[in-house]
Structures are given as structure tokens and as C-alpha cells.
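Going by the order they are written in, the chains are A, B, C and D; count residues from 1 in each one.
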């Protein structure tokens, strides 16, 4: 930190003592256990980088390794062969990451052999017969304008032994994995198997999650593009609702465990009357329940717009309503279709109350996730990929790159998959949503908002 | 911070000792004095919030006050009258800030009297005769879809005494100023005059700068919208250059002192061959100078695309080339038109070398700054405005709200206008630009890049 | 026509006699009965306007009345009270028509009382209790930027007697109806009832059909916006298909009886491998059937993209597959969900052939129909509305305005609802689609393309 | 025409005799000589196709040859070698035309050798040394998403003898020229020289003009994309004007001789207060002159927005104001910069009247002309190109394809360059502009609107 910092006055003036209880005080009570709780004396450190010498004095403060190029590296570029694989669902920006990996490896480090494996982890397994694609600066030029992934993708795991066999057989030194939490767990197992075989092969991930639910990231790449695109559906849903008597529109957005896309899209477009997210349970029936409040809204405003994350309301499904059962064969909870449930319940409720209903249901998931990255995500993907290349060339492995509090960092995969980033029901983001929608803080009794650990960007 | 943090493993594995000198090492040497220099042992603190008790133990670590609602506030909402004014050039998102200020004041705090002053600080001065606009939740509904500011704006200062007279006369308790550094200096003087008169009137700013040059902000509002819009001009300029023999396109973008828009837009679109910014001086002539490298690019590629921030190359103007003289009447340096100089020099140089030239010049400034905020900036403006309302109701004054390392903070105006955020020529952002354009790190001899203090988001 | 036309040489030169049979000749055979059939000597009249004197000489040539302002009008503007109603499904541009009706009536004719009836024909019926909206130049300013209709809409007919009672009670002189073919039939019955009561009330329609299926129109308003918006879904569907092994995407677009949106969107985006429209029946099974050709496409290309108009394949539903039965209570054919049938058949077929399938289904209808008009439709709606005002003020009734061969014309409602505009399977448009997709002219045996009368723009 | 037409009732009902003089009657007087003049009895022919037999009976009615595939063609596809060249300024859609030419020639006709000449007519001249590009269905896939022309372009003519030498040397049978009126005149001379040499080489043009000024076209390709893009600048200019005291924005749009882009863009966006076009002269000074009316607008509305076609006001330049003189070396009139003149005059006038002025000047030409074709133009370009291929294969030469009254037609080049399509000051389009802007029909005395011949789409 520059020594001149000592001269800087960081103190804000206050007009005088505060004696008026805030109208927000009741809400603030609920924040006590949250990292959003701001106590009077709280301060944000101006500089959060600590060098090794400083760290000794600070004892136990948790910290992450800083990303960036190192003066000495582990791999000899002229002898390095690199593999890239993309796994899981689509997300805006994957091609930008591929392009920037290839460009940085080639231009700045002089790596000349870069291979793309096709269709996720299937690409390593001989029986699928997928070809391997040579990637050059020329062949990846222009791919950023396309959505999706030029390498193809697939879900699910493959035999780890066969994957490492393939890496060894092809002489791969570094494997870049662009994928979600499942794929990162796969990458971790690959790195562990490499470790067991004691091979000098690095495994570096670029975490991909359109839901923004990977912890230790300010925001995941593609997230801004995704919620921006989602605002189009919200705008359309508003127009539909407003243009018909008893118009109720329901927009289902991505978000199995985390309601970030729903929150940001609703805040950005400012048309939603209700936002339903997994982190804030609600009740359909009873006084103050969703249906009662919805009816009141339609009566007063003439129409209503509901934005629901796909993971919202999972606790409301009865066994009878759960398509395919509440749990799957392995006993895992099955994600139920909250869109269908909302349509059923709203239709039945309005009929029971003799109210005209024109219900429109919009699920734009495929259209959202397949658009090209917007300019912001385009830059972000490029810089993430550059950080990943620096880390990999320096010999880091079993890690992902991320951006935490605006600093590019290295995160052990184990840490990145240890929990989820979720919307804090006691945080500023959710409060801004409540303010923008005008929906009550609680829809129905007995619904208890979740506790969110402080591991994620809001 | 949650106590369970102790159990988390933040360590990244490394494959082995690093012995290979990095091809990037020469570039890294230049980073030694920059906050972008990452030493081997550097760590990023996981949590940068410090409570008052913790702070005592840390001694001198500079920090900023955290933003957010307080349990006790200074102003009684039912008796509070609020003024809002917008000053300086246009920037995407101003109307979003106005809307969110009005909405938060009304909905969450119950403030009922909010007035908009017209056309910047002119609005306080009787002789201009501008009317005052009552702002309500209804009247600001829908304004976010418009660009510009519904209140109008103007540049320049007005008599501070008359401004404070007006605030007193109208019984204003809180004045929100949305404006750039000049306007913030004005707000500071207003707060000081209020202090001299010992009146309980708060002055809280929302800093506006399309150039992203205000320090202590991750990014200023509207910046993402602006550079995203700028990519359209870059795309067009590329098409023009590519479609004519000897095609050279020059795009001039905003950025008087800081090249952020030029850098981000060029990175996002990835079509530029040269990016010229104020922070990195260059020479036209001589070996390795801009014109020689440009000619080589047109010879090899058939065309070239130059993106220049308006503040680039100011040191290159001779007195003869400076329109209106190098300095103005007050002796201040006058911003010269680098676009005109580039056109003159390129035209003369290509003619001197007998090369065909089809030069296209694009200056999209007005079109960029007047678009509505994109969804990201829309959310960001809303949250900034909410933070400003919390600060003002809690009695803070002579300050602006900001977002630093993803945390909303309070910044004394004095601090916010004390320096500028600039692109660090030794930082990752500029390196990514060099990598994307392929332009040499230095264009001509003797051009020394500036030293950038560590006060801004990159 | 200008007399100087006589000097103009309209003759095109030919290099010499043609002796080579065209590869397209077999296709051309099928055009014999179509208005797309071009015989060697065919000519397009340069000017298609005929004055009354000329017409006598031409005998029986069918023609339409030209639209435009007249020197004498029927209604005294100062005493004229106007009603506007919007009926049926949403379509881009309705608000533009409303705005331009109000603006032209007010500015050019000086009409001062214009009323909007809410929610379609419901708005005339007392028991619904909908309010009537006063429309002024000020109140309609800015509505064109919104999608949908500010007046609200509803489907279905109301009691004609009550509608005319309402018009009489309110002293309405002119009723503008913006609606589809069902609404136009309603407007016709209203005009007839007015005729029976011998009241001087004009009924003038602006025909609305997102499907572009109203005859005697070059294109219906909103159609260009709609198919342009549909290209976004096609692009996304292509990305999805391309990014997964065995990727097959199905996009269902509007078009109950006419495949125009499917054809234009597929041509504009040029990504579709199959376009299925109501006018060209197909078979699922058998040699050359859809499923066989689809499998071949996925085998050769790796993926496939199917665009289907909602009215395609209606003849393929068995009674068992028809949801709610093939016919409704009144014995009318029920529109079956071809999207569901395609998903079922493709899934079963790929499973039966042991092929991996990643099926994505996209139905963007609500998002398409609710967007604001694009600039072209914005202009077109304005000009249509101006033509409607001129017609109504001149005393025309029981008619709609249209644009036929680029000329604004008056069309009796009876004529406008007498048939449908459909894609001609022997016309240039469909041929261009076949060329762009590469799909065979016939998918399966026994499927006979329909005969299309020559009443519509292609 | 189908025989069943006889049963169709094309008659529109009228409520009764018209006795009220229309408020528009004075304006209508001026229409007498225009093809927009609609007399009471005027009719639009339903079908404007005439077969040779019918034509005999009709005597002198001018007509154009219908486009479309013929049963017999002139060239043997297996032996046909095709050239494509693009000339003149950029226009959205050129790449779509190239793609569709290649696709139709290859897929439907089986032509296998297609060559692209680089950088306009330069591409035929050996001394420029431009390479020739082989065009295949694969190489043109995806080019429609790019703006500009992949072949490059240049202005100006080359030696006709050398061009035809090149065609002969390379064995070209068909040359497609995509270019404006200058390029079409070049194509005509090429065809004539080929005629003199008596070679079987066809020359077929696809007329390109962003100004929409080529006659016998409903609209030229790219025009819709262009005016749609121009609405963005108008929206920005409105925001700028509205956001500053004394805000006056001037937008200069393309249109050297014809104000179509200015008219359509202004109508579509509906924000302009003044539209200045070449067809409607105006005066700056004097009562009712532009400056007086502008001042009145700024006084009443607070700001004003002026949209000017680049060819507007050419008659207002004095010799002193004309940059480079009013005429060039060859004595041709030089196009003067009306944007500069407007800025000078407005600035001087507001200063002289002591009015505050914040003038913004926007010239978006390069950004407009370089965007990719929108979906409509994408389809239109495809269909135009298909028509061009059919014509060329059938042996037509010295002609261009066009769309007249929605029918694809063949137009002799001589006819296509014989006049210009211009906005008719007495037509509906201009009237709609007057209605939308509220500007007076005449700005200043002595300014006489031009007479427009009836050769173009409005």
C-alpha cells in the first residue's frame, strides 16, 4: 500500500447525534446474525491485500491467494500441451473463455499445442468416439459472437481412470475445465487421481454457473448477460398482464438453489409484483399467504406479475403433486416444477373466488442461457481466462480462478464446491427487491427464511 | 465473520517448485511499484469488514465507513423535506438514481416532500427562473426507460451563498447531488457553507462520471452501459475499415483523463488494433512510433482500427495545432481534439508514403451517454440510491456513496475529489488490452507511462 | 400517370434464345394454377391506379378503392365523437395505431372527443363495469414504446344490440376497431345493426393479425416485428442444438392457418433445417417421412433445428393424441399442440433407433407478441391509422384499411374475412425456404400441399 | 387471375353524401399533378399482372417484365462461371445478397464456379493486384451476420475495356454487380462493350442505395435497417436536447437527393420537431423562416430536435460558405455540409437573440451503413438475389432486379438510372411527417417544393 495513505482522511462527517428510531429498525433486528448487519462502528478496509510479512502479525485472518502472472513458472511453454473441456449446461461466455485461454497461452506464453475435447467429459472416453479439435488463435477468432460452446458439452460424470489415461496418453500438461459444481467435483477427482499417479499435470477450473451460486465469486461469468436477457421476459410478461382483464403473468427463471437471477432481473426491470426465491419460503394459503396477497393485488391494480426462481417453493409440493415423486431413485430430492404448481394453484384459487383470470406462463430458460456474452461478461471472461492461464503455467492445480471483492484470486476446488452462494434474506439485495416489488417481507405464516453464510457476492 | 471460517481450507495446491523463468517476467519488472504487483506470498483477505473492537488491534489500517441502514436516524421522516439536483454531462442511469431515491425515501422512510431542482445548480438561483418539480413515486415511474435526466442539467458553478439561501428558504433538510467531480466540489462548498451557518442540512452525493475516473469506486454507475454502447461503434469502424482498400478507422471515445471506456470497449469487442489512452503516452514519428506501426499493420492486414480516448496524446500538440491555444484564459490546460490530430497525421503520413487510405472517423459520444441504463446499471443505480438515502437519513453529510471492493461505503467528498481513478499501465487491465490488440507495449521512444495510485477499480 | 411515361423504355434485353431446360422446370410445372406462375410474356403493370373514366374501358378488372384524404367529408369534426376499441390477441403496433388515430383526428381534423373502450367488446357492456378512457394527444404520447394495448383487450363476442345501444347512448359517430378476423366479423355485425337502425355511425377497422393471414394486405402490421423477434428464438435453438450431442431443437411459432412467421423467421436467420407449416402437410413415418429425414440430418450434421408453425401437422393427430378431442363442443376443429406431438414422436423415434437425443423445445409466443413495434411497423401503423381516419371522416363504413401492392386501400369487411392469406407452396417464398433449409419439397408420401388463392402478399 | 374473382365484392359502403368541406382540402389542392392525388372514383387494380394476350387489348399501358424462374434457360449451369462484384458505399445487406447468390446458383442450378472480385471495379484491373476470391456455400456461411461487404468495395469507375478483357480472360459468363447508380452506369457500359464484342456474357445488377432513391423499387435493400438504426440517433438527440436548458439537437442523416431516411426515421421515432429534406426547400431568415420557427419552438417547449438529410438546404449556401466552392473542377455541384451550416446559423441566431443554447450535433452515417441487415432486409436480400439468379440464368442482361408494388421485376439499367425516387412533397409520406412533427408545411417564403415523378415507392 502506498505510504501516502496515512495522509488521507477517510472520515465521514455527521450532522449530529441520532435520536430518531428508524422505520427500518424492525427489519434490522433480523440482521443480527448476518454479515449484512452493519454496526455503527463498522469499517471496510481500504486495501485487503496482505503480503506474507504483514500476515504474520495478523494471525488468523482467512485469505485467498492472489491471481496474476508470476516471475517463475512451472511448465516450459515450448513443451506444454494443453487441453480444454466444457461441461454442464450452457451459460453465456463459454466461448469467450475458450478464446481468451487460447489467445493468452499462444501470444504471451508461446504454447503451441492446445486441444479441445468434445462434449464434456465424454470427450476423454474412447467409446463415444468424439474427435479432438485443435485450437489456434485463428480457429477461435469470432467464436465469442456465438452463444453456447463450440466444443459441445454434456452433463454427468465419466470414469475418472479413463479420463486420466487419456490425459497421459495425449501428453497433456494442463487441463482447463469450464464447468459447474458437478464438473468441478469431477475436476477435483481428476486432480486427485493425477496426484495418486504422481504425474505433473495441472487441473485448473473456470467456474461456470448461470445461477451465480458458486461461493467466493463476486459474480459468476455470464450472470449479468443472463439476468439482462431475463428482463426481456419480465417486460413481456408485464405487457401481457396489463393488456387483459384479470391478467396474471408468471415468469419462471433459472435458480435451483439461489434466486439471484430472479432478484436482479426483477430489480432491473422493476415491473414484478412478486419475486419468489428458494431462500425465502412462502405459503400459498391462509391469511397473508401468497394467493390472498395476489388476489388483493389483482383487485387493486387490475393485474399482477410473478417472477419465480425454479427452486422456489420446493417445500410446498405434496407427494401427489410431485412429478416422478419427491425423491429420485438415489433418495435425492427431485427439483419440482414450481411453474406448474403456481399455474394450478392460481387457476384453482381464482376460480374458487369467482375472479376472471388471464394467466400467462413464460419460461425463457433456453433463450437466456444461449445468448452470446454481453460486453461486460465478454471482458470478464477474458480476464478470468488470463488469470487461469497464469495460475496453470505457475503450476497451480486442483483450483479454480475467481474474482472476490474485485480481486482475481485462486480458490481450491474443495472450497469452491463446499457451499453455495445464496441470496441473503436479511441482506441489502433482498431488501431492495422487497422495496421495488412492494411485496410483504413474509408471505404466510411459518415460513422461515434461510440463514446464509457469508461466502458470496450479493 | 462466521466462526466456522476457521475450518475452511483456503490453500491452493501447487504441482512443484517453479524453475522456469516466465516469458512475462520482463513486463513484470515494471510492476514493482504498482499495487498490481503480486508477490509470491500475497493474499487477499477473505473478509474486509472490521468492527470497532477489532479495529483497535489493527492500528493504522485505512478503512471506509460501511453503508447501509442504521437503527437510529437523524431526521424525522415526517418533517423532512428533500431536494434532488443533477449536474454536469449526461451519463446512463441518472433517472434510475432519481427514481430509486424517491422510491426509497417514500416507501421505506415515509418522507413525503421531495423536490427536484431543474438544470443543475442553476435551479437554486432565482434569476434563471427555473421551476421546482415535485417528485412522487407516481411521477418517477417509467423514467428509467428514458436516457438523460428528467430534471435537466447544466455545467458550471453558481453562487454558493444563493444556493444555501434557497435551501434554507425552502426548508430543505437533505440535498442529494448527482454529479461529477466539479459538482461534488460544489456540493462540498455547499456543505461547508451550511456548516458555517450551523444548519441541520445534509448534503449527500451520488458520484457520476462516465469516464469511471472517480477514485474509491469499483466502477461508476453508467460506465458499463457506456462501454457496452461504445462496442457498437467499434464494430462499425471495423466493418468500414475492412470494406475498403487502405481502410483505417479511428473511433474517439470518452475519457479526458482515464482510458477506461476505450480499454473495456476494445476488450469487449476485440476488433481494435490500437488503443490510445491518456495514461500511456505515445509518439507519432520515429522508429516504433505510432505511424510506422500503423502502416505496417495496414500493409499486413489490409486495414486497421484505432480506438482513442479523447484525452490521449495531449502532450503531442504543438502550440500551432492546439485549437484556441494550449492553455485557456485561466492558464488551465485545454483539452485538444486528438481525433482531428490523428486524422491530420495519418492522412499526411499515408500520402507521404504513397499508400491508399480510406479514413473513417467516428465520434459516438452523444449517442453513448444518452442511452438508458442497461439492466446491470439499473440495479446498481437503485442500490447506490438506497445507500445514499440510508446515509442521509442517518445524518451523514459532505459525503458520497460508493461501492468499493463490492461493499457499499461512505466516502468524504474531499477524499472522492482528491485524485482520479486511472488505468494502471502496469496493471492486468492494460495487459489484457495489449494482448487483445497485439499493439506493442510502447509506441515510440521517450514515452513514459504514468504512475497510477492505488485508489481505483480496474 | 405522367404523360412522359410514353418515352420510357421498359424493355429488358436478352442475350439470345434460351434452349437449356432449367433444373427448376419440374418444380415449375406445379405452379400452373398459382398466381406465382410467370409465363414468358407476363408483365407487371407499372401503374395500377385506374380513374373512373379509364375503368369503363377495362370492363371487369377487379379493383379496390384507393385510400387517402377526400376534399369533402361526411362528418363535421367539431361535432364528431369517436370511439376506439382493441380486441383479440396482442400484436406489436396496436398502441402505435391508437396514438396515430388520436393524433390525426386531433391535429388534422380538429376532432376533440375521443374515447377508448376497455378490454375489447367487453368495454361496451355495462355489466363488466369497465371505465371509458378519454384519449388526447398528450395521453397517448409515449405509448408506442410500450407493447400490448393501453386499452386492454379481450377475446370473444358480446351482444351486438348492447354494443350499438352503448354507441348511441354515448353519441359516438365513428368507431375504430383494431382486431383480428373474429373481431372484424363482430364489427361487420355492428355496422349491420347500425344500418338496421339507420344511424349515421361509421365503423372502420384496422385489421390486426400477427399470423399475416388477412387477405388483401401486403403484410399485416406487427408482422415484421414478430418474425424479427422470432429469429432470436431460432438463433438460441441453433446454439442449443449445436452444443449437445444429438441436439435437436424444436421452435414453435405462431401461425394457426398460415406459416408466414415460420417461413420469414427461418429465412431471415437461415439456421433452420426444417420448416413445418399448415400449408404443406407432412408424414412422420415411412420412407422420406419427417422422422427418417430428421435422423439422417442429425447423423450427418450432428444436430438439427425444426421450426414449426402452431397449425402445422394438424392432420396427423389421432383422436387419442388430441387433447380435449379433435373437435370442440360446437363441432369446430380444435387446434392441437403440434409442439407436444413433435416432442413425443421424436423422442420415441430416437429411442427406437438407439440414438442419443438432447431435445430442446422453445415456444416464444408471448415474448414475441408483446414487444413494441419495430421502426418499420411503427411507421406502417401510423400510416394505416391515418388512412383509417381519412376513410372514416369521409363516411366510409363496414370496411377496413389495408395496403395492397404498396397502395393504401379500402376493403369491405366482408371481403377481408372471406378467406385467408396463406403461404403458397408453389410460390417464391416457400421455394426460398426450401432452398435455405435444404429440406425436401415433400416429407413423406400422400401429403398434398394446399391450393392457395391469390389474395395475399407473400 | 382466378376466375372466381368475379364473385368477390370489392365495393366499400358509404354512410351517405359528403357535404362537409375537409379541413385538408387546401392541402389537397396541391396534389393535382401528383400520383398521390386520389380522385373520388379512383381504384387500385387488384391484380396487376398482364399476360401477353391481355396486353394486346390494353394498348399502351406501361409494364415491367416479371421476375422468377423460367422453364428454359440460356446458360448451361455445368459450364457457367460467375463473377460477383460490390461497388460504392456500404449498405446493410450486401453480404446477404452475396450469400444468397452463391447459395441459389449452387443449390438450385448446380453452378460450381463462382468468383468474387475485390474492392469494386478495381478488382478487374491488373495494376491494383487484388486477388480473386472463390465463393462457395461454405465460405459464405455466416457472412450475413457481418456488416459491410466481404469482397471490399471502392468508388469510381475503371477502364471498361480492361474490365471486359478480364471477364473474357477468366471465362466469366455472368457478372453480378451490387452497387449504386454510378456503378449501374458502369455495368451498363460493361454490357454495351460486351455487346460490341458480341460475347455471351450477362450483366445483372442488384441495385444498392441506402438513400432509397433508385426508381421502380418499392424500397431498396438495407433501407429499413438503415432508418431503423437512425432512430437510435434521434432518440439520443432528443434526450440530449431535453436534458439541457436551451437544448437544440441536430441529426444529419444520409440522403443526398432524397429525404427518405430522414422521413421514415423521424416518423418511426416521433421525436423530431423539424425534418429538412432536399425535396422541400426552406429559408433560414425572414418571417416563418426556419430560425424564427425554431426559436419559437425552443421558447415554448424548452428544447428542439432537427433532423436533416445531408442534401437538404443545398440552395442556401453562398459561395463564401461553400467549402471548396459550390461546383467542383468538372463544374458539377458539390454537396455542401448542411450540418455545419445549421450549426453556424443556429448559433449566430440564438446569440443575436440573447437565448441560451446547448447545441448537439450528431452524424451517425458510418454507424448506420455498416450494421448487419435486420431480419426483414435479410429476407428481402435473399429473395432479390434469387430473382437475380433466375434472370441471369435465363439470359437477361443489362438489367437490374427490383420489387415494384410487391412484385419482383426486371428493370433495364437504363431505366433504373434515368431518374431518382424522391419524397413527394404532396404525398402521404411527407404529410405524415408534417403531422408527426407539427412543423409548418412551408418554412419561409419563396421556397418551392419540387415536383416528383411517379417512379418510386413512398
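Following the convention adopted for this analysis, a residue touches a chain if its C-beta (ideal position, glycine included) is under 8 Å from a C-beta of that chain, and two chains touch if they have at least 3 such contacts.
Listed by chain with UniProt protein names: A, B, C, D = ATP-dependent 6-phosphofructokinase.
This one's a predicted model, so the numbers in the text were calculated from it and none came from an experiment.
With every chain reduced to the mean of its CA atoms, the largest distance from chain B is reached by C.
Our note on geometry: chain B versus chain C, Cα centroid distance of 48 Å, whole angstroms. Centres computed as Cα averages put chain C at a distance of 27 Å from chain D.
In chain D, no residue reaches two or more other chains under the touch definition.
Every pair of chains that touch is listed here: A-B, A-C, B-D, C-D. Those residues of chain A that touch chain C in the complex are listed here as 90, 119, 122, 128, 130, 146-149, 152-154, 232-233, 235-237, 239-240, 242-245, 249, 360, 362, 364, 366-367, 370-371. Per the touch definition, chain B reaches chain A in the complex via residues 1-2, 4-6, 8-25, 27-28, 35-36, 38-53, 55, 58, 60-77, 103-104, 107-110, 144, 191, 200-202, 218, 224, 227-228, 231, 264-265, 267-270, 374-376, 378-379, 382-383, 386-387, 391, 393-399, 404-412, 414-415, 418, 428-429, 431-432, 435-436, 438, 453-454, 457.
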